[in-house]
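The structures considered in this document are given below.
One chain, chain A, links the two complexes that follow: it is found with chain B in the first and with chain C in the second.
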Partner chain A sequence: INHIVHNGGLYKRPFNEAFEETPMLVAVLTYVGYGVLTLFGYLRDFMRQWKIEKCQNATEREEQKDFVPLYQDFENFYNRNLYMRIRDSWNRPVCSVPGAKVDMMERVSHDYNWTFTYTGRVIKDIINMGSYNYLGFAQNAGACQEAAAKVLSQYGAGVCSTRQEMGNLDKHEELEKLVARFLGVESAMTYGMGFATNSMNIPALVGKGCLILSDELNHASLVLGARLSGATIRIFKHNNMQSLEKLLKDAIVHGQPRTRRPWKKILILVEGIYSMEGSIVRLPEVIALKKKYKSYLYVDEAHSIGALGPGGRGVVEYFGLSPEDVDVMMGTFTKSFGAAGGYIGGKKELIDYLRTYSHSAAYATSMSPPVVEQIITSMKCIMGEDGTTVGEARVQQLAENTRYFRRRLKEMGFIIYGNEDSPVVPLMLYMPAKIGAFGREMLKRNIGVVVVGFPATPIIESRARFCLSAAHTKEMLDTALKEINEVGDLLQVKYSRRRLVPLLDRPFDETTYEETED
Partner chain B sequence: QWVLVEMVQAFYEAPAYHLILEGILILWIIRLLFSKTYKLQERSDLTLKEKEELIEEWQPEPLVPPVPKDHPALNYNIVSGPPTHIITVNGKECINFASFNFLGLLNNEKVKSAAQASLKKYGVGTCGPRGFYGTFDVHLELEERLAKFMRTEEAIIYSYGFATIASAIPAYSKRGDIVFVDEAACFAIQKGLQASRSNIKLFKHNDMADLERLLKEQETEDQKNPRKARVTRRFIVVEGLYMNTGDICPLPELIKLKYKYKVRIFLEESLSFGVLGEHGRGITEHFGINIDDIDLISANMENSLASIGGFCCGRSFIIDHQRLSGQGYCFSASLPPLLAAAAIEALNIMEDNPDIFQTLRAKCERIHKALQGISGLKVVGESFSPALHLQLEESCGSRENDVKLLKRVVDYCMNSGIALTQAHYLEKEEKCLPPPSIRVVITVEQTEQELDKAASLLKEAAQSVLN
Partner chain C sequence: MDVKGTWSSLYWLFCQFELITCSYLMEPWEKVLFYSFNLAMAGLLLYTAYVCVAFHVSSAFQLLGSFLGNQQENALSVVK
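Right after this comes the complex of A and B.
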């Protein structure tokens, strides 16, 4: 399925998203693969139960053996038999700043991933394509780090109180004004954790008698927030505007399920960039629908803030729309700003309400001061207020890297999902064995990638995911691409049946980029 | 002649089309017998025009209702500078009796320099969740140190204190399980319970007889349906030192109930970690209980350790499960390394100076005694609890008026140099809303003169405002 919408009314730039279909043979082989693994899983469980094989799980205490078992055996079947085999691809310990190159502690397992031991060696200078470092602000030197160090020595690391009690520092007020200015909204409020921003504020905005329309592939924090609110949740197909419109129409015409009373309000939950698919939300169409049906829009820009748009202001700027059209703009500081925490921006009434009734303001500790300072400095850098053009250069560099990397991968013949402009690049692997193999082979060649399988993705659509960064130079990308090419040939993951015609072999320079910009 | 023979004869003699028609009718009857009952679809009989009219007419509520300008929770106190022992609130310099900085580690130079070293090495953020290159060696070290300190097998860290218990409970307790929880449990526990969708049974605060009654009722229920009882997990969730009431939970009786009725105990120790016990290990050390008897201990590092985040500790059998099913762990970025380094250094200080706990407790006793006898205000909380509440002895009728009255007391104290705060709650969301109160927090840094000054100032304030 290939959607290219050129200047069709609402879109001011081409919206090019592609999700190539799974080849039939590959799908069948993947299912066969999972079937074989499940059979072996049953066999091993049988052997463990009959003590033929040693059971290496931790077990319940002797005194509590007659309590109701804490875990059902079947729940952990997937864990024990499939996840455990390739467990070394995740939770890799890092021991340096997570920039473009990272150092990792070497770990080995002598009992097939049940336990790990650290050899003490450090693998240096691994090209990091797994950390969410879109604008390269994960640095341990430079203006941001120095400012954070100064604030740390002045304020200390913790705060020890909630926002409503004694934890509202002048730094927090400064940050909130800056965030509001950055986004172009009336005011903003910040929280200590991005996940908690969603799960604690959606319940404050909607309650029983309201309707939430949420995208199929929304993040766990949005799903948790929607559930905790007590509102009715309806799901529309991923990025599918016809599905959303149908749900909106039905909701307004028929009202609440059995009583037929009209809904109090309707909230649409979408994300800016979906991190597993690499797709960008069709914001112009969503806003048009929202206006037509008088509902409210909540955009979670966790991955898109700083990464999209010519000024790094996120998905709203990318489409050239006004921030006033989005009722609640939420985002996190973890990805593009190299810090931690989340924010919500919107009209002043909204933020006043959240300051009074948000769960986080009343019960959770406020953000740590050095983290706040890091956000302030990096945000000023992106806006150009620190007097340099470093921020602007980084945003442009990220966009260049994205286009180059995606184009080269498609030329090589891999199946890549998602929008052309999204810095999250999923590469399809499909088969369970290739998940582990891809991760390990890339690590042998000194490149760190993230591989994901079930349950974060549908069972046959396992993938490797690359996160590009403005800190990656062209040499690093070329090295990575060469290695990916090798590993792709070795593992035979070049499934794409549409060969893209490679652009004319001209050197990639400034003029090339300006042509594709509008 | 036999009727059967006649029938068979007629069968042979019937014309072909007759047989075929009969055959079809029989098949049709069989199909009707076995087909599902015909469901009426949700067919609306509205025309397109009517639908459009309905869409035109519908008016939603505003996204948020307006908040009155004088709402007590709307205007925050602005603290300029660090929230340490001497704090500048709204421009006035005061002695800090409101931040949970029990061991005074917020301003400690060693902690700050450890955090600085970590900042120079790692930068600020971790740029990823624990599963995807967000696990740093400082996190692993902090987890090991916490497990060693609490003398358990394993510990797991979260990057936000609230999310710790709110993610831990739904990882184990699912729909259909039963949780017995104290009425005065804090909001984070309530949210964790709500997310778990289990059956919640509240028992009266610290009332073991009430809890035993509920457990007995559950036992009789189980006998009616033993198959279901064999797969229903049961948990008791209690706090070591309750944030809302300042008193301690009777842990030895709870352990007896645990083994008698086969229920697991989850203990939330945010206030008691680093406060109770000879070495600060919390309520288990205070009562001298074997730590393996408690299934899960959860605490946040934002009070005694003066950092950010939280941790859970217990046996590997229990803790390891959260690494794949704790929502706040798997789907959220990990703790910034400088905060983890600050926590490690704070733990070092706690281990090297075990006498600060005794000092803290002595100070708590002192002020507890000094605050007795204030006319109009009563002290709520144990004598060794570092966070106590001052509630109005008699309410003036409505909660709003009580809150306003307490605010005047707090303002009087702030103007004279003691920073206090009221305990803030979300009134509509709490299950059992505690009465309005002033929160008094005792830290190790406060001198005896300051404690006495605070007590006498509160007496004065109560005199002038409440009489």
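Right after this comes the complex of A and C.
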């Protein structure tokens, strides 16, 4: 499991990542469950069409029934027959700050999740294992909140303009200098929305005639940005460096598809931590490949900034690399800083170019001043510049919580995906009924978890995703672990066969189909 | 006198069956339909097993018996 020797000494610390294979019986039973639900779905659709049952989902109007049908594809079938049955695990209304404990409004449904009514009761102090609150800055009291309140009374809440027109406040300049110093890059630019940072800036960086090599499991914002740019997109297997190298070699050797001209630019899109798998990108190898084949690297550190590395500076610090090796460092302020928005950091020429040519800078409203102040205060706290060691303590607490929680869950016998150091912990559930049951049982025991099913994950690999926080104390984690143990026994989700399966490290060729070997 | 224990373990097994076949998610009338279909299938299976297996086993024994009988007759004829 220790990859230091195999990769020519690129890694300074052990890289422990594991994705245990689905047990065959569990996969078969999952398909059985989906088969039963599909049959009942067909029955219900038949009843709705022949008016035996009231149709509560969206349909075409009577006059449009002879046109091309709108709701016949698999997505809509899944939506009205499978998603509706377990819909009460999502969109739960939260009515307090999403810190380590959260309050939720209780709701019931009398017609099997088609409509919800609120009972009026508020469930208090639910342990929050679902919010991206990695360093615990989602607070409604403390230094960040006071600073943000002061700025709110000085600047107001709205900016009423775009960055290029009248929306460039001195607060934004201060924030950008601070972000550049935090990341160790020459310059940085911030945007009001994290999703828009990716989708609006990738089209500004690459265009037609360029090649984008994107990881299999990249986030929707990266995929959208890549498609909007008009460049050719090729996908490499998740975190698989042999697959990436093969694609790079093909790109250099063969060039563009019809004309065989060399590609104008090759951009590799990866993420720091992949939030559905909990895996960390193999950054040293990606940088070595990038340098060898002369391409550019774009790292989306949405989940890893603040959460990895001894100083919270992200995945580059975690591996002990230099920030100059990554051409475009992108991240968001939503997760570890308790605010909203995104940033891009890199060389000064790059950022000056983006200030002029980015869609987000030209058309999107700039960040709101209290949010800017929240980021400034939390970033200074992490760096230690506010005079206390609170930031450093939080980063260390998160690392401890991560190690402890993952170790305990593995000991209990659950299948946990991902890297040992990532604060995102996916717990595999597989069967569709267990998705709904897990969410409901955990809420009954006062723990809020996020369960994830089909469109976000492959259809049989549904999971429950825990996001750890520095605000969780050991007692909260112990309570949560006790309840997870109980629910795991009740639902029989402890599937792990406890075999240590090392990751495949030999060259990828046409005969290797699986990542693990027995 | 562990009736309570057996009942609770049977109930637990039933819950596991419900979770695996997703009848946990069904509305009551769907559950009735699903369980009656399952019980009908199980009943048919048991009936077929009872009728056919008994018939096949007894006919297999008869065949074996006829082989042994032939052997005895053949041996007797040789001796004669």
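To be clear about the criterion, the second predicted complex is superposed on the first by the 472 of 518 C-alpha atoms of A that agree within 3 Å, B and C clash if a C-alpha of one lies under 4 Å from a C-alpha of the other, contacts with A are read in each partner's own complex, and residues count from 1 in each chain.
Note that a contact is a pair of C-beta atoms (placed from the backbone, for glycine too) under 8 Å apart; a residue touches a chain by one contact, two chains touch by 3 or more.
Owing to the predicted nature of the structure, the values given are computational and were not obtained by experimental measurement.
> Now for A:C95: first (chain B), second (chain C), both, or neither, which partner does it touch?
After superposing on A, A:C95 lies in contact with chain B but is clear of chain C.
> Return first, second, both or neither, reflecting whether A:G384 touches chain B, chain C, both chains, or no partner chain.
A:G384 sits against neither chain B nor chain C.
> With both structures placed on chain A, which of the two partners, chain B or chain C, ends up touching more residues of chain A?
B
> Is A:P458 touching the first partner chain B, the second partner chain C, both, or neither of them?
neither
> Where does A:D352 make contact in the superposed view: on chain B (first), on chain C (second), on both, or on neither?
In the superposition, A:D352 contacts chain B only.
> Once chain A of both complexes is superposed, is A:P370 in touch with chain B (first), chain C (second), both, or neither?
First partner only, chain B.
> For A:L491, using the defined touch cut-off, is the partner it touches chain B, chain C, both, or neither? Pick first, second, both or neither.
The second partner, chain C, only.
> Residue by residue on chain A, keep only those touching chain B in one complex and chain C in the other, then list them.
Looking at chain A, the two contact sets are disjoint.
> What residues of chain A sit close enough to touch chain C in their complex?
Within the complex, chain A contacts chain C at residues 29, 32-34, 36-37, 40, 85-86, 112, 431-434, 436-437, 490-492.
> Residues of chain A touching chain B in their complex?
Checking each residue of chain A against chain B gives 57-61, 63-64, 66-72, 79, 83, 90-99, 102, 105, 128, 130-133, 137-141, 144-145, 148-149, 152-170, 173, 192-196, 200, 205, 219-221, 224, 227-228, 249, 252-254, 262-266, 293-296, 327-328, 332-335, 337-340, 349-350, 352-357, 359-365, 367-371, 374, 448, 450.
> What does chain C use to touch chain A in their complex?
Interface residues on chain C, with respect to chain A: 15-16, 18-27, 30, 34.
> Which residues of chain B touch chain A once you look at their complex with the stated criterion?
42, 44, 46, 51, 54-55, 58-67, 71, 73-74, 76-84, 87, 89, 96, 98-101, 106-107, 111-112, 115-116, 119-128, 130-137, 140, 159-163, 172, 186-188, 191, 194-195, 229-234, 259, 262-264, 292, 300, 302-303, 305-308, 315-318, 320-321, 323-324, 327-328, 330-333, 335-336, 338-339, 342, 419, 421-426, 429, 439
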